[in-house]
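Accompanying notes for the structure given below.
Chain naming follows the written order as A, B and C, and within any one chain the residues start at number 1.
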């Protein structure tokens, strides 16, 4: 409980302040919904929101899983030789810079309206941090340890699995933390175009001028992102607990 | 400094923070789409002749003009009639001054090769791309049901998905997307939404009630300038189109001319140019009734509150 | 060619040359014979090429000229670095057993060997701990155990005790010497500590500041049993001091 108290206090204070300001008329309710209105919208539309939440979660999770595995595989490939790295890394950066809003209509043409487009969007938006962080981690292996492995005749594959990858784990997990939030954003953007899930709820509620419902859906999307982030933190704690400083000064 | 000076200075500072800083004399007009022929008259309007300094702010997909008016980040904005009524029901005091489209040009377009006879037939199969949150969409759903058609978000001006798929039907402005489709070699059949009895004023110049109250003379001058501008644009859209084309190169000059011609019947229904853009309480009342039936507004409201003919 | 005796390796370096990328000649044609089972200390100022020499002997980087011969030709080499360089995500036991794991030894067998060598360095109680939970001296002992687990014929050490405090260093030096006497492998020990070189080795080689030239090559004249008494006993200490003086002189000359 002690851990949750510090972030909870500002949240409660701000929520109460906003509620008071909207009720009192200092802030128009058509611009900022009162927190009580958001809660009511959450309750009134609970079935619709629950179904939308399930859809968005599925797409974000699948997209994130795909970007995790593909991103790590690409990073392993890039780390294997300087020539490969120099030739192909700029294309990986492309995933970072391409504006997803611009290519989302293209995704619809390739994948149609539905889950596949949303997953593709989540994938594209979240893969770069996985590649960048995994690559940095793999390239930062202690040279003395690499020598040690060579001394005992370890192949490149064995060195990757038993040395380079575990050593890169803290860095990889950093990349996953960033990617998890991006996967949710990517899913929502994909849903604006592809038409399902929380993104669709936001889009439709916006055209109906239902700010309360928009905020309710956005709140759920944020909780989804938070949940994924917490999951990565849990994995980090379990795997790094014994040996990495980041998980030890608690 | 003493306490009074301090409080006064703080109050002034806070007040200045509340409103976006801009030249008091400049009036802003926020569009809800990119510059194209539906705004022709606004670009052609002789504001300076009427003593006004107007800055037109082009928009795009999802520009929240009705909220911008309410938040005072623009003095004037272009909204649709139904969104204005909904905004009023939410406590946003927006008032209509000039309706460009006397008849709503919204419609559904389908491939002519499908040989569909009525709007209801479009909903029997395939895909329908609409903005589901809009009132007309829900009227369609109520009347025909969406059980047999796949509903997807409207691509907003982009017809590439439409061109690729024969069974794809899309929301459109009858003088815009259908022309684009024909140019791309696809013959289309268009079903105006007005045919099912839903006909709100569209592309409406609006302002906030507070703005109207505090500066009625300039609002009147604005409407006069806009009316004159539309008269000029209807006579000769060429020069204004050139200017808008510079701002929005996504449509070519020939297309601009074609659309400007095709939209005329929706604008000019009165015989006298002097009543271009004017509105009736009856029309607003019908709209309010339809929206109340749909449940988009909690209850009916006086039609007179929604508009002014000035 | 020094022949193989006991469990060591005889090495012969013939005109060994090493040039770095910027055309810096680190080692200019070195000739050196090392007997099997010898404890050789390599001394010299920073940058004189002693670590480079060690890496070439370990076959981690090839010489640019000359050759290195060995008798027997195939043997296991172990390396101890200046930092322990343990894998932080593995226990002491798994770290120690790592070389055998990489060589393909089955788990049961390699744990037996690892435990044995950990006992030799006095760490049998710590086998389940992680490197983060150990002191610097203990980590170095694990590193040493890891190096010995394969029963190497050649043990290369690159300033392994330089980062440790004096008492730990003294004790580890004694322990190392004992292990060497028991196991009989060839040890090449790089250091820039004159007292350490004199204490540990039975032969010392001093390299010049640059070019890898050998300034001094001397058998250390001290009894085979090296204990801490050697440092404190006045009579033995005098002999130690004498050796140190000779080494120091050679180092100061260049």
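Just so we're on the same page, contacts are C-beta pairs under 8 Å (C-beta built on N, C-alpha and C of every residue); 3 or more make two chains touch, one makes a residue touch a chain.
Nothing here was measured: the structure is a model prediction, and the numbers come from that model.
Shared contacts of chain A and chain B, meaning chains that touch the two of them, come down to nothing at all. Core chain by CA centroid proximity to the global CA centroid: A. For chain B, the chain with the farthest CA centroid is C. In terms of their C-alpha centroids, the spacing between chain A and chain B amounts to 37 Å. Each chain gets a centre from the mean of its Cα atoms; for chain A and chain C, those two points are 49 Å apart.
With each centre defined as the average position of its C-alpha atoms, the distance from chain B to chain C rounds to 84 Å. Contact residues on chain A toward chain B in their complex (touch as defined above): 28-31, 105, 108-109, 113, 192-195, 200, 203-209.
Chain A contributes residues 142, 144-145, 147-154, 158, 162-163, 166-167, 169, 242-245, 248 to its touches with chain C in the complex. Note for the complex: chain B touches chain A at residues 62, 66-67, 70-71, 83, 86-87, 90-92, 127, 131-134, 150-153, 155, 158, 160-161, 164, 296. Those residues of chain C that touch chain A in the complex are listed here as 55, 58, 60, 77-79, 81, 83, 85, 87-89, 98-99, 101-103, 130-132, 150.
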